[in-house]
Structures are given as C-alpha cells and as structure tokens.
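In what follows, structures are represented as structure tokens.
Both complexes shown next keep chain A, but they swap its partner, so chain B is in the first and chain C is in the second.
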Partner chain A sequence: MSVLSVAGLKKSFGDIVALDGVDLAVDKGEFFALLGPSASGKTTTLRTICGIERPDQGQVMYEGQDVTHAEVRGRDIAMVFQTFALYPHLSIFDNLAYPLRQNGVSRDEVNRRVGETAEMLRLTHTLDRKPGTASGGEQQRIAIGRALVRRPGLLLLDEPLTNLDAKLRNDTRAEFKRLHRELGMTIVFATPDELEALSMGQRIGLLTDGKIVQTGTPDELYTKPKNAYVASMVGSPRVNLINATRRGADAAPSVETPFMSAEKGPWADALKAFPMGSDLYFGFRPNDIQPIGDGQTPGGPSFTARVHLTEPLGDIVILDLEAGGAELKMVLPEEQAVRYSVGDDVPVFVRVENTHVFARDTGTAIR
Partner chain B sequence: MSVLMSLFSRKERRLREAGWGWTLFAGIISLIYFFPVLWIIMTAFKTRADALATPPVFFFTPTLDNFVAVFYRVAQTGSGEAIGTGMGGFFFNSIFVASAGVFLALIIGTLASYGFSRYPLKGNDTYLFVVLTTRMLPPIIVIIPIFLMFRMAGLSGSYIGVILLYAAFNLPFSIWMMKSFFDELSPDVEDSARMDGSSEFGVFFKMCIPQLKAGLAATAVFAVILTWNEFLFALLLTSTDTRTVPVAMARTIGGEIGVEWGLLAAIITLFLIPVFGVTYLLQNHLLRGVTFGTIKK
Partner chain C sequence: MRDFWQWMFSPSRRGPMLIAPALIMLFVMNIFPLMWSFGLSFFHYKASSIRPPTFAGLYYYEKVLTDPVVWERMQTTALIVAMSVLLQLVIGFALAMMFEKKFPLRREILMLVLTPMMLSFVAVGVFFKLFYEPTFGLLSQAYSYFSGEPLTLLATQWGAVWGIVIADAWMWSPFVMLLVLAGLVSVPDYLYEAAEVDRASKWKRFTTVTFPYVRGLLLLALLFRTIETFKIFDVVYLITNGGPGTSTETIAVYVYRVAFQFFKTSQSSALSYILLFIVIVLTNLYLYFVKKRGEEG
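Coming up: the complex of A and B.
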C-alpha cells in the first residue's frame, strides 16, 4: 500500500518545464531515493509533494487523500532543505521547538521531545546557541531534528548531504540509515549522487528532464537498466558503452564491435527481432571486464587492450583501457592491478552473462 | 614553511587590529569630519564676544547662557521678566513629526517591500521604478502643488498633514531599502516555517521581521536623519503650533543685532542630541544593516 503517490505531475516556471509528468509511488516505511542530475526536477518534485509549489497538472495523493491543493501546514509532511533553512534568529532549542509550538504542543511536552530529539542527534550541548555558530554537520542535524521532532508521516530530504564535506557525508549516510531503521519513517530523499542513492535508497526513482525514467531497487537499476541512460547514471565508474552492430545468424544473433564479438548474452533472444546490421550499444560494467589469467579459458568475448591510465583508489584500481579506438574502464583489486602498467597490452574478457545491449537510436535496453 | 606562517600571522593581525599608523590615519580623518560639529558645540558654550573673536579662540570660559536663551528670552517691554521662546514645543514637534512619519513609512514600506520581494507582480520592476521616480524630482518643484493640495484638503499646518507628507517622503526609500533586505533572506526559511505550521502572518512577523531587525534599524536611522533635517516642506506646511526645529532655527537668524551664533549653535547642539541618541542606540544594528549582504553568511 503506497502512502504517497504522485501522478502526472507537471509544472513550468515561465518557459522552463521543471516537471513533465512525474509518476511516483512510495510505500509506507520506505526509504525512497529520487536520483537525478541537477535541474532534473528533484527539488520541484519534493516541493510539490509538500505543497510549497502547486503543480500545473497532476495529482498528489497522501495517505489515501488528494492533497494536491491542500494547504502546506495541514499536511503531515516535513522537509529538510538543501540549504538547511534554519531559523537564524532563534536558538537551536527554539529551532527544534518551533514546529511543536506552532502546533500547540504543551510546554512540558515541547521540552521533553526537543530533549529527546537533541539527544538522538547529539545536539544537547548546542541547544542554547544560535544555528549560525554551529558546524556544518551540526546545522544539518538541527535541520533533520526540526523535521523529525513532530514525527511527520513523511520526511522529504532535499540533497541532504550535498552541503557536507566528504568525510561527514559518509558518516551521515550511515546515520540516515540508522534513523530510518529506528524510526520506521517513510523517507523520500533527492540526490544527484548515485552512490548515495544506491547505498541508502531501498528503491530508486531515476528522474531526468522532469520525468521518471525508471523506478526499482538499486539492484534492478544496476542489473536491469531500462535504457542506456539509466545504465550510465547508475554505477561508478560508469558503464562501458561501445558502438556495436547486430550480426550472427538469424537464430543465434551476436553483437559485434570493432574489436570483439559477443553472443549468448541475456539479450540473445530479444535481439533476434532486430534486423541484421542494426546499430546497437554494447554495455558492460567496469568490474565485468577481467584480464585473462595464464592458461585460463575466457568466460566470454575476449580481446587485447592497452592500458593508458591507472587511477589507484586504495583497495581498487581503475584502469583506463583502449581497444579498437574505444575507451574502456576496468576495475581490479589493487593486488591484481599492480601487475599492469601504462603501455602494457593486456588480454581481457567480458563476462557475457552480465552484459547489456541497447538500441542506439532509442537507447532502450534489449533483453 | 616559516614564510607561510609569517604570511598567515600577518594576515590574521590585519584582520583583527589595525597598526598604529592606520589608527592615526583614521583618527585624523575622523577629526576632519567631526571638526565642524565640534566647532558648533564649542560655540554653543561661548559668550558672544568669544564666538565672534578673530582669530578664533579654542580656550575660553564656558557659559550656559546660550542654552538658557534657547528656551527663555528677556521681555523687550523693560520689565525684565523671562518669556518662553516656545522652543521646547518645537523640539517636541520635531520629535513627534519625525517619529510618526518614519514609523508610518517603515510599516507601509516593510509590508510593501515584502510583497514586492516575495510575490512579484507582472512588471514588478516597473512598479518599483515608478516608486523611485517620486523621489527624482527636487522637492522645490513639487512644493507648490503640494502646498495647494494641502490647503484644499485642510491639512496645511496640521500634525497629520506633515506626518503624512514625511511618511510619503520616506516611503520610496524605505521600500527600496527594505526590499533589498528581504531579497537577501532565504525563502527556504519561510517555506520551512510554513511547513512547520506557521500562518502567513507568522511567517512575516516571526520569521522575516526578527531577521530584519538590523535592516529596519538602518532604514529607520536614515529616514530619521532625512526627516529630522527637513526644512522646506516644514517651512511651508507647518503653523506656529506645529513648527519644527529647523524652521524655528531659521527664524532666529536675522534679528536686529545680526546672527546670534551662540544661540544658533546651542539650538543645533540640542538638535543633534536625538539623532546622536538614535544612532548610538542602533549602532550595532546599523553597522550590520549597512554591511548586510556584503558578507556571505
């Protein structure tokens, strides 16, 4: 049973189309990630859900009721803004107490719940200060605390980690997961960072140009991308996409690139419907390409590639390869990667069972 | 490394405190600007002879005669009794008219600028420009129509007339200044307050206004100074009952015995006190108001 459902949401600001028919359904207690590049309509979607923005078209259903045109303050929804939007003239205590006081909660109850929230978010020592004196991480926790203190049915987070530095971002990611688990709250959070979406979201809605391209679990988006765009948005380093052509026999199609030919992938059946010579993309993740060990039989199409850059990332290394004029990325564990240096020719193979094929004109996945 | 360190410490020192050279420089500049004021204050305590002495005297025996003369003068009839000059009333008029005018302009201006900033109309900039044009004409050009209008409306010489005029006079300035302050505020904070259950009234009074204390103070000070010194409209539109200090001051010039510099200086000295007081009270806000937006938060 979805607690929030959004249908056909459209919104323009002057000539700029922000939302072009957004459809979403979020289940109760779900941690839902809205992933999209900047200016894809994430913020506008959240602002429409909480009522700050009125859609030109479409409907927002919340707990079975049409709230599309309901007042902002009547909705049981809280939002953490990207800018945190703390009340600069109020103490941190008063910031946290504000939503309660506005809703007529008694003084004792305010004290109790602010104290509780502050403790949970480790803000107790800051309560007398003004938000301007708090550190970035504290400011963010205040913003979250202010949203949590009145226990909303739905919590919206607009790029909650973007304004934090890298280390804090990692800590906070775990913090969010912990909060979600402890409070069992429905959370929708917007992020431009696929890593955040993959690591935090139970389901992800991929938003581009004001439309949801694909919704699914992180695993679904990663292993079964609907099109080449989704494949390239999800997963880091990015998926390798190589120009390819449909070849092979009618009943046993193959995908041919200038330097290799692949067959018997998960796409083999669907590809039969495509005429010979159709333009395709052949896609595979950087960790599905492997060097062929001595005496090993390759588990898929193989070719020789030249290393022209290595990016060591600690325990893993990204190798930039070049084969047949195409650039590829390969991810290897550090101990395996030390064997290769720039300029080496490396025999490699691709795990064909994990490969993707997309039609080049529409980008749609063939599967 | 040590070069880097010294660079750092030098920079830090420069941010915290100025060296003695700069302090001296700033002192001299301040003295140059403050000197005329200082001279007026000194003149207020001088006897007529000291005030007119050439070369000017810097050291003299101070007297309070001029201050007494501001409020009382000796009757010309020969009986020698002290008669009030009515200056106390004129001071009251100045304070009353200026505060009421500024207060009114601030209220209307703040509400209007909130609207201009948060709910822009089609052609918002045009309206703002129109508002500004009302201050583009020198007062001397509009004084005759205004005088005639006030006469016809029966506002001439009344408190309400001058107050309305000063409010109108300060309004464009208040709107423009306050709008720039509102533009600096993050609309997210207001949206957040709405989501936390604030009404539109709550958003304005509990969120915007407290954040704009500094801006309001700065606007108020500028408006007070502008209004306080205003002479032309006050000359033509006030009566004996509602006359303000600048007009009354002008009347002391041109007595039979020439300009009474000591008396004039005493009036000015007293006249400076309220402005000084307001500025002093609001100084912290004022500084923040003037630098509002220039430093990224």
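Coming up: the complex of A and C.
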C-alpha cells in the first residue's frame, strides 16, 4: 500500500519550470531514492511533499488523504535540509528538542526522547554545545536527529550526503541503511549521485527536467532502462552507446555498427517492427565487454579495439578503448588488466544477452 | 626670509603643511578648550568677571554631586531617554518588520522613512515647534477641528515631555529600523522553513528564529540611542527651552544654563566632566557589545 503518492505535480517559478508533471508512489516502510542531476526538480518535489512549496497543479496524497493544500504543520512529515538548517542560537540539545517542544511534549518525555535519539546518533557528548562548533558529520546527524526525534510517518532527506566529505559519505550511507532497518520508517531521499541511489534506495525514481523518467528497483533501472537517458544515468562507468543501424533479414534482425554486427539479443523480436536502415543506439555496460582469451570462442559479437588510456581504480581497471572511430569503456579485474597497455590491439567480445538497443530519435528502449 | 619660505614649502613638508590648518583649528577650537575647561573645573572662576581664578580643588565636583537640582534634571533626562528610546525601539522594530517584506514602491517609501534621520537637529526642532504651535500649528488645528478648542500641548509638563519624545522618536526611529532590518534580512530562509517543518507556530518561529538574529543589533540600537538621547539638547532647547518651568530641562540644557546664563563656569565644567564620564561608561558598554557580536559572527 502506498503511503505517499504524488500525481501530476507542476510548479513554475516565473519562467522557470521546476516540476513538469511528477508522478510517484512510495510504499510504507520503503527507502525511496529520487535520483536526478542538479536542477532536475528533486528539491522542489520534496518541498512540495512536505508543504513548504504549494504546487501549481497536481495532488499530494499522504496516508490516504489529500494534503496538497494542507498546512505544513498538519502533515506528519519531517525533512532534513541539504544545508542542515540547524538553529544556530540553540544548543544541540535544544535543536533536537525543538520539534517536540512545538508539540507540547512534557519535559520528562523531551529529555527521554532527545537522550534516546542522541544515543542512537552518537551525539550524547555534544548536547551542551552550539551546532556551529560541531563537525560536518555531527551537524548532519543533528539534522537527522531533529527529524527523527518526533517519529514522523515520512522522512524526507534532501541530498543528505552532498555536504559531507568522501569518507564520511561512505560511513553515512551504511548509517542510513541501519537506521532505516531499525526504525522501519518510510524515507524519500533526493540525490544527484547514482551510487548513493543504487546502494541505498530500495526503489529509485529517476527525475529529469521536472519529470519522472522511470521508477523501479535499482536492478530494473540497471538491466531494463526505459530509454538511453536512464541507461546513461544509472551505472558507473557509463554505458557504452554506439551509433548503429538496423540490418539483417526481416525475421532475423541484426544491429550493425561500423566495427561489429550483433544479433539474437533480448531486443531481437521487438526490432522486427523497425524498417531496414533505422537509426539506433547499441548499448552495453563496460563490464559486459570482455577480451577474448587464447583459443577461446567469443560469447558474442567480437571486434578488435585499441587501448588508449587505462584508469586503475585499485582492484578494477577502466580501459578506454577505441574501435572504428567510437570510444568505449571496458572494466576488468586488476589481475586481468595488467596484461594490456596503451597502444595494444585487443580482440574483445560483447555479451549480447546483456545488450540494449534504443531508437536514436526518441531514445526509447527496444525490447 | 626667502630661506624660510623655501624650507617651508619643500616637497617633503607638503603633506604636514596641508593638514596643519585643520589640526590647528581642531586644537584651538576643540582640544585646548577641552583641557582648559577641565582645568577650570578645579578653580573658582566666572567667565563674566575679570577676577583671576583661584584654586578650589574638588569643591565644584562635590557641589555638583550633592546638588538636588542636578538630580532633578537627571531624572527629567532619564524620563525622556526612557520614553523616547522605548518608542524608537518599538516603532523602529515595527517599521523593520514592515520593510522586510516586499511590496510595491518599497524602495521609495523606505527612502521617505529614512529622511528624518538625515535632517539637522535645528530643522527638526523648528519644524516641531511650529507643528505644536497653539494658534497656527497643524496639530492644534486638527485638534480644534474635532474639539473646537486649540491645543496648547507644550503648556503642561506631560504635554511638553511628549512633545520632545515624539520629535526625537520621529527623527531616530528610522535609525533603529535600519539596524533591525539588517538583522532581519540576515536570517536565512531555510531556518524559517525548517521551523515550519518542525511545526513551530508563527509566534514561536519569531521568538526562536527571527529574534536571536535581531537581539544583538537591538541591544546596540538601545545603547547607541541611550547615549545620544542622554545628551539631547538642540531639540529640547528649540521646542520647549526646558519649560514649562523647568519640567523638560534635560541635563544638557541645564549645563548650558549654568554655563552661559548664570556664568558659573567652574561648576558647569565640573558637571560637564561628570556627564562625559557617564557617556564614556556607556560607550565602553557599547563597544564591548560590538566586539562580542563581532566574535559571534
């Protein structure tokens, strides 16, 4: 049952269209990621859900009630701001106690719940200080604590990790998953980082130009992208997209690029509907391209590519390849990659069962 | 002689030469009289008599500090300061709250509201004197339109006090407004939003988010206006001249009287230095808060 559903949300600021019909539904207890590049409307979507912003059009349903025009205070929703928005003049204790005091919770209860929350977020030793003296990680935990302390039905997180340094970010990702598991809370979080979305989100809504392009589990977005844009947004390093043309027989279509030809992919049936010579993109992930070992039969369409750059990332290495004028990326385990150096010609093949084909004009996936 | 001119106008002496007239003026008109009057406060001396000064020690300081009239004038001053500064803070705060929001012609109206602060004391004093004038004054005419009788505001003690307080507050409320406005616009919007999400009521948002940002500046405005109003002279001198009787005679007007009407030069000097001491204490308090605020920010 979806606890939050948003339909046809539209919002403009002057001439700038922030939301252009956002639809999404979040289930109870779900950890939902709103993934999108900057200025795609993530923050505006969250602000509209919690009520700081009123939509021009559309509807926000929360726990079966239309709250589109309800007061912010009437909604059982908490939000953690990207800037953390801590009250600089109040102590950390008072910051955490703030939402409780607004609701007339008794003094003993405030002390108990702030203590509990501080304990959970390892803030107990900081409570007497002002937020300005806290470290970045502490400030972020205070912001989260302030949102959690009143046990909201829905927690919104606006780019919660963006203002943290890289190491802290990794720790906090795990922290969020732990909190979500322990509290069983419904969480919607906005992030421009697909790694965060893939690692934390149980489901992801991909937002671009004020519209949701695709919603699904991380696996669905990764293996069944709706269009070329989704494919390129999800997965790192980015998917290889090669200009291609529809060729082959009517009943057995193939996809032809300047340096290889592929057939019998998961797209084969759907491609029959496209006329000969249609412009396509042929897409495959950098880890679905493999060197052909000595005496090995290639498991898919094969070609020879030249290595022109290697990026070692510890246990894996990204190899930048060039074939027929197109640039490709290939990911190999480190022990396998050491065999290749810049300038080498490498025979490679593509795992055809994992490939994607998109129409070039609309970008829509063909499958 | 020629050598002297050459020596004086050599390029290396040009800078000092250029500022010399200003320094000499400052010394002759300000610093010397300041020192001299400090000296005179320890002597028996009347500026209107030709008798040479004779040493008096701390006689005049003792006299001033035990003088019941001085305490009476101090009380009058305190009353006017308290009323005027309070009014300035209230009106200034209200104006700042108003100008924090955006509305049509905001800039133009803001400029108009700031005008009183830019006027000279004499202009404000004369203006309000005419405004309160019983026969032709605008206030009296408006009053008689409803009651049929002219209003002689400055004839009663409280009327005169209010007359001065209103003139002073009219002139200086915009100053308080500027300071408070600076505080108000420095509150980040996201704090209001966070407080709204945390379910704070409008009043709570004001007391917990807005007010802490304005508190420091409000304190500065309070101190600054207290110091300035404590020295109030021009407006009082022009509007009531201390009257009726001595009911609006502030300490600054009293010093003027003692010095230039009764020509008790030594006594007025001693009183002036006691006032200077009070102002220095207040100023240091002010500087302390400025510094503290600077460290916070």
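Methods note: the second predicted complex is superposed on the first by the 367 of 367 C-alpha atoms of A that agree within 3 Å, B and C clash if a C-alpha of one lies under 4 Å from a C-alpha of the other, contacts with A are read in each partner's own complex, and residues count from 1 in each chain.
Here is the rule we use: contacts are C-beta pairs under 8 Å (C-beta built on N, C-alpha and C of every residue); 3 or more make two chains touch, one makes a residue touch a chain.
Since the structure is predicted, the reported quantities are computational estimates derived from the model, not experimental observations.
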Joint occupancy of chain A by chain B and chain C, clash or fit: clash
First (chain B), second (chain C), both or neither touched by A:72: both
Touched partner set for A:52, first chain B, second chain C, both or neither: both
Chain B versus chain C as contact partner of A:99, first or second or both or neither: both
First (chain B), second (chain C), both or neither touched by A:146: both
Touched partner set for A:81, first chain B, second chain C, both or neither: both
From 1-9, 19-27, 145-153 or 289-297, the chain C stretch with C-alpha clashes against chain B: 289-297
Chain B and chain C footprints on chain A, overlapping residues: 47, 50-52, 72-73, 77-79, 81, 83, 85-90, 98-99, 102-103, 146
Footprint of chain A on chain B - complex, ascending: 186, 188-189, 191-199, 202, 207, 210-211, 213, 297
For the chain C and chain A complex, residues of the former touching the latter: 188, 190-191, 193-201, 204, 208-209, 212-213
In the complex, chain A residues that touch chain B: 47, 50-52, 72-73, 75, 77-79, 81-83, 85-90, 98-99, 102-103, 132, 146, 150
Chain A residues touching chain C - in the complex, by the definition given at the top: 47, 50-52, 72-73, 77-79, 81, 83, 85-90, 98-99, 102-103, 146
